[in-house]
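We call the chains A, B, C, D, E and F, going by the order they appear; numbering starts again at 1 in every chain.
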Amino acid sequence: MFAHNKRLQYSVHVSECNPGLANLMLEQFGGPDGELAAAMRYFTQALGEDDPGRKDMLLDIATEELSHLEVIGTVVAMLNKGAKGELAEGVNSEAELYRAINGAGNDSHLTQILYGGGPALTNSGGVPWNAGYIDSRGDPTCDLRSDIAAEARAKIIYERLINVTDDPGVKEALGFLMTREIAHQQSFEKALYAIQPNFPPGKLPGKAPFSDMYVNTSQGQGDMRGPWNSDDNFQYVSNGDTYQAMDGGDGMPSVQLSGRQKECVQAMQQRTRSNPNGNPTTGAELGGNA
Amino acid sequence: MFAHNKRLQYSVHVSECNPGLANLMLEQFGGPDGELAAAMRYFTQALGEDDPGRKDMLLDIATEELSHLEVIGTVVAMLNKGAKGELAEGVNSEAELYRAINGAGNDSHLTQILYGGGPALTNSGGVPWNAGYIDSRGDPTCDLRSDIAAEARAKIIYERLINVTDDPGVKEALGFLMTREIAHQQSFEKALYAIQPNFPPGKLPGKAPFSDMYVNTSQGQGDMRGPWNSDDNFQYVSNGDTYQAMDGGDGMPSVQLSGRQKECVQAMQQRTRSNPNGNPTTGAELGGNA
Amino acid sequence: MFAHNKRLQYSVHVSECNPGLANLMLEQFGGPDGELAAAMRYFTQALGEDDPGRKDMLLDIATEELSHLEVIGTVVAMLNKGAKGELAEGVNSEAELYRAINGAGNDSHLTQILYGGGPALTNSGGVPWNAGYIDSRGDPTCDLRSDIAAEARAKIIYERLINVTDDPGVKEALGFLMTREIAHQQSFEKALYAIQPNFPPGKLPGKAPFSDMYVNTSQGQGDMRGPWNSDDNFQYVSNGDTYQAMDGGDGMPSVQLSGRQKECVQAMQQRTRSNPNGNPTTGAELGGNA
Amino acid sequence: MFAHNKRLQYSVHVSECNPGLANLMLEQFGGPDGELAAAMRYFTQALGEDDPGRKDMLLDIATEELSHLEVIGTVVAMLNKGAKGELAEGVNSEAELYRAINGAGNDSHLTQILYGGGPALTNSGGVPWNAGYIDSRGDPTCDLRSDIAAEARAKIIYERLINVTDDPGVKEALGFLMTREIAHQQSFEKALYAIQPNFPPGKLPGKAPFSDMYVNTSQGQGDMRGPWNSDDNFQYVSNGDTYQAMDGGDGMPSVQLSGRQKECVQAMQQRTRSNPNGNPTTGAELGGNA
Amino acid sequence: MFAHNKRLQYSVHVSECNPGLANLMLEQFGGPDGELAAAMRYFTQALGEDDPGRKDMLLDIATEELSHLEVIGTVVAMLNKGAKGELAEGVNSEAELYRAINGAGNDSHLTQILYGGGPALTNSGGVPWNAGYIDSRGDPTCDLRSDIAAEARAKIIYERLINVTDDPGVKEALGFLMTREIAHQQSFEKALYAIQPNFPPGKLPGKAPFSDMYVNTSQGQGDMRGPWNSDDNFQYVSNGDTYQAMDGGDGMPSVQLSGRQKECVQAMQQRTRSNPNGNPTTGAELGGNA
Amino acid sequence: MFAHNKRLQYSVHVSECNPGLANLMLEQFGGPDGELAAAMRYFTQALGEDDPGRKDMLLDIATEELSHLEVIGTVVAMLNKGAKGELAEGVNSEAELYRAINGAGNDSHLTQILYGGGPALTNSGGVPWNAGYIDSRGDPTCDLRSDIAAEARAKIIYERLINVTDDPGVKEALGFLMTREIAHQQSFEKALYAIQPNFPPGKLPGKAPFSDMYVNTSQGQGDMRGPWNSDDNFQYVSNGDTYQAMDGGDGMPSVQLSGRQKECVQAMQQRTRSNPNGNPTTGAELGGNA
């Protein structure tokens, strides 16, 4: 069960109305690595989790991410507030209002026209958030790796936003939010390595000899060796040269069909055959330049 | 530049037409952790990569994933082949054909009616693949973590498919594909740790004291301590109790507006005020039961 | 700022593992009228809201909806728990596990294979949640009407789920959740009518005579009159008979182009003209039956 | 059955080619509150409707919305016409053509490059229309409320477009379209209140005492009382303080599992346990700065 | 401007309630080749079209497709009508109602629970319609080819639906709708070939020698020659053997950077280098089985 | 099975960093007519194809399209390379970096902030690629027509990109890619016409008299005759005048319901009837201006 207090987890003080900057901030509100994605990622994992330690941790972090969603959404709302009022009241000239949503450095027309200046759950390009951003699979050795990666991505997006922001209050809030991703990543790392073994993920072992094989499929200038494909760590093969199937078979597919199925498949093949002989006149030839 | 040979990387021998099973296999063809997602994840990273070792590795693995896309897609095509022929020729009765796409254990109507039995780039529930499944961000300390997590997820999906498949040829091909994900994960791990330092991701450091703080936001029965929130590793705080802003401020938002903006915002607020006094009759009351 | 307690807002006691029923419940977890949609609808409105009464109400209800998301998600998790364990451990036969995800009354394969039995943010048909479900526009006379409608929709979906559920613990929790939507609708109604005037929405008045006109565009058997198109309330016209433009003009479009633009448009028209004279041979004719 | 006349319902006279303005207009062509959404919303409701009065009204308004789709789409086509010709003929310099699609106040590159200047069924930010925008649920006490809200939203979007448009012909057509939304809202209101009772929606009554309860979940500075949570109208509770489950139970979830299910769940828990003791070395530590 | 008559373009007489069959019919209501896609494809093309003949034809066919949308949607509504009533009234037992939406041959739970038995703009698998299905590009030599292909696809989907339907009234209506696609295809073919020349599409010619070259990139068992790659029609090359760039260059990419850009790129490369020497311990190794 | 060589199929030499131009290029990387769509369209068709000639051709062209995906993606990477380095290192001022992603002629903020300057699988407006762009239906007389249309669309998009590009190296690579679409279209045309008959698509014939009928549904000023609706080719009817059903019936729908179903439908109708008599007060009236 959740409770809320109207105080933010971090105070937000914005220097001036700046809808163009607001739009960039949406990336961490409704973007794929934003705070809604984070909150829902951990919250849905928590609901399906039976391990008491992980469940508690996931709920702690999910709840904090909701507070972060509030912080970044409030940044957006503050940056848009003046523009929202002007458009709603419509007392400026049309040309002024047009320029205010459609100018160099300020491509905020979608936010203003459709969303009325409110924080919308879209990325910074206007694409609505969708749950396909959440890659929880219900196995902790997968999900914790996904969580670690998600925190890393969120960190880098905040870093980029900090790099393009010169409003000091916005910059400070972004710094706080970025740093919390570092902390969360460390918790998820601890929880992953507190499962032993955690590799390979899941329960089934791999099938020898394929689990330590590296296939050099891209060749030519630029081929490199390193620990990711070294003989120390891998059996290095180049089956792109010989195009041999790895099972030692003929590399061809087959399926056993019933008699009726065979008849139908053959009838279909005959009916739709592209005859390799002859040279039929085509529509393109009817339409080509004489 | 790519080349192709009609031999598969792994031979596919299927025992009988089984569209219901084919549908499950689509998960690794056009699902979020499927082979198209894998191939495109690494291929797009490779195109933007300047580090020669990583670029080569990403191209190697991307190319192999395309060959895996061909293997799993061929499994789907073989499992559907007989049913496709029967529907195309339409010589069975309508009731037989209806049951063939809409029965217990065989919910394959979308695959048959819309996609004609061909392998479609959807997940096993019919949701089309979309590029939001790819979470590449152009920073290797993020992207390699995302790649590690993606391989872990793909491994577990193959494991589940193996658990529900009793066609021996399909099971064998799935075992191969699952194992290759284990190998790829190991390469990505080596490439990540060959960057030093790789944590925190990106370039900006975190802001003390927030990078080692753990916030116990979910309380009550079930609170747990472990290495993910232990005093050894974290400063453990519970600001949900006191609801204090972490910056020490008042937790309130503010923005400085121009005079015109202030006027408009105030006019808007006045115009749209929900008056807290009085008790207006509502539409619901007009429509409620007397 | 949010806080969480591990106690649910409503206790959830489920009689038996039932993944087919779990899937239906997803409708109110990740469906368009589900609890995530509700929570995010009100939360994002709250962030952009300046009216203190509405802001407080929106935060109260948003927070409660998050607790409801937890309740319905927990129902899903409980209904799936046994099946999740069986698939993860893989000790049952393949045929048993296949039937467990793909049978009459239990089309849960997507939930089990992809999401591992965890509550996924999809609707009951597997379509991922997306923020297009949220129709907030930043104007309270619109948004409160949208909120009223959203509560009405959520109520009816819960009613249908109750009608198809015979697990008593699930039924009881659904009854609680359904009832809360009724309460929320009443709050939103009060807040809407506490704005005076609230119709028409926004600030600009309509243009006479079009605001009280009803156009009878669908004719023939079945034409009806009622308060929605009565002469008491509307000017009733049938311009589908005469096809006259309502502005009294010619109903034709025009645009003034520059000289260069005119030249280009004419060149394009000439180049791509479909000649109405003659009878060209077509591709279809090349391919038709002799 | 539909018929069409090439005359528009409202004449469209545009002053000059203006692709930047055209893009804004797309909001009401292919946006969530645009005319396609309106037409399809009422048309699909009509098809499933058995009440003769509502069916007729829905068909009347759906048909008119199709005529509005034609009006707004024609506005887009006129605003783009000159630019379309110039790009198609390619006789201007590359730099001129680049600036024509990618300049301050004119971010129309998607419309020009992909859609060739034709009216595309996207919102003003380029997001394709999708049927998730339509929230019809097959119950008139819900659907009419959704229709009322949809008309309110469409009205406000037109208002904003009018505020940023200074082309007089465009402004006039927008004024007509905006006004018709006001008229439609009034018809839907009459149809809703012609159902008695219409609240609560659907058939099942709410469960006492939850239907008149208001839960104060968001606390602290900013708590307000008004008719939406007044003691006159609601039982006001604050269970966020005590975190008690509203059913009076323990707030904990449970499910009864079969013996085999229990064994599997326990095996899975044991296998994937995050051990709370110890302090494992993590990947992040391997990668951290020394 | 549109008008409507309540008579259908084709009478619809359905033998019995059959929600499972209704779901299949949705494919041509809200699926990618369904009637909404057809109507909107031609309607949006018409709005941007200046050629008078094509504009008239597109409006004729678009309008007819709207009437077809009504026919197929009415089929869905009739097939669902009884089930809708039963679920709405809830007087049958829960188990009966559950089976009615979730049984062998009848996977209609999404249609019933979410859409209340009304015709929803989804495909037969529940995926919402989206405007990405429309591939209009604003050039008639492209768009007419796309229209021809779209009619061909719609024809084949109707053929499959006919093959699985034994309700005579439904079958008859489907036969009518299928046949109209054949007629429309013929009109679009005539309109395409009435443009001369129409190949290659657009205005720019191809660059010799690439326009008549066929590249044999897939080799090995199964290589075939036919008119699509014959020496009569094409220059046949196999650059997959030699991997030579077709421009005769080195096949390598380059870009000229400013001094500052070069410095930054080099700094980034150095900072994020994956060192090919050494063999770092990885997270996977920390988590692997001893 | 695929192999790769690090040489591109066409050398890419870019004159300068230009993220605004890079964004336009994304249209053919991750847009609906881009190279991923092309590659996957033909590759998935190939997997389900049994005709040896078509299968070989589809694999040849699919593989080449993957090489084109690499070429256009490399163009994007080169155009972004300098900007990526500057943002990653963050040594320029915030204002400079902001302008570099958000300026006239350079709306690249999404590419830079979210995707880090790497080639993303989105269209030029930021919309992620999705598999709904692929319209393969498993019937070659449909699929080849769809392939022909797809090549025509891809050609025209490249033509537009060439028209707005003045970087000579980019222009040259685009010219190559555009030309290859012309060649591919010719192969698909030959393969289609090598099937005889290929019209109408599929197996079922049309039903007389509907296959050669043209319905003049859009009337008034602008009606035209041409080969697409001439008496030579079609039976020309105008049933929009008389609104007669084409089957000669009453144009009304019907369904036979069971007794229980009838009772429920009637109860539902009665319960939810919009009473045509009376004039109920509505919510809008409560909220209207006095």
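Throughout what follows, a contact is a pair of C-beta atoms (placed from the backbone, for glycine too) under 8 Å apart; a residue touches a chain by one contact, two chains touch by 3 or more.
Please read these numbers as outputs of a predicted model, since none were measured by experiment.
The set of chains touching subunit B and also touching subunit C is given as A, D, E, F. Interface matching across B-F, B-C or E-F places the copy of D-E, with more than half of contact pairs shared by residue number, at B-F. Mean C-alpha positions place subunit B and subunit D at a centre distance of 25 Å. Counting partner chains per residue, subunit D has residues 1-9, 32-33, 50, 53, 56, 59-60, 62-64, 67, 74, 77, 81, 84, 88-90, 104, 107, 114, 116, 125-128, 130, 132, 137, 139, 141, 148, 156-157, 159, 162, 185-186, 190-196, 199-200, 202-204, 217-218, 220-224, 226-228, 233, 239-240, 243, 245, 251-252, 265, 268, 271, 274-276, 278-286 touching two or more of them. Viewed as a network of touching protein chains, the structure reduces to a complete graph with every chain in contact with every other. Within the complex formed with subunit A, the residues of subunit D that make contact are 20-21, 23-24, 27, 31-33, 104-107, 123-127, 156-157, 159-166, 217-223, 239-241, 243, 245, 251, 265, 268-269, 271-276, 278-285.
On the side of subunit F, the complex with subunit E involves touching residues 3, 5-17, 32-33, 52-53, 55-57, 59-64, 67, 74, 77-79, 81-86, 88-89, 91-92, 130, 132-133, 135, 137, 139, 141-142, 145-146, 148-150, 152-153, 155-157, 159, 162, 172, 175-176, 178-180, 182-183, 185-188, 190-191, 193-194, 199-204, 206-207, 210-218, 222-224, 226-229, 233-234, 239-240, 243-247, 249-258, 260-262, 264-268, 271. Residues of subunit B touching subunit D in their complex: 141, 192-193, 195-200, 220-221, 224-228, 230, 232-233, 243, 252, 274-280, 283-290. Here subunit C touches subunit A in the complex through residues 1-9, 30, 36, 40, 43-45, 47-48, 50, 56, 59-60, 62-64, 66-67, 69-70, 73-74, 76-77, 80-81, 84, 88-90, 114-122, 128-132, 134, 136-139, 203-204, 280-283, 286, going by the rule given at the top. Those residues of subunit F whose C-beta lies close enough to touch subunit A in the complex are 1-7, 50-51, 53-54, 87, 90, 93-95, 97-99, 101-104, 107, 109-110, 112-114, 116, 125-128, 139-141, 148, 185-186, 189-196, 203.
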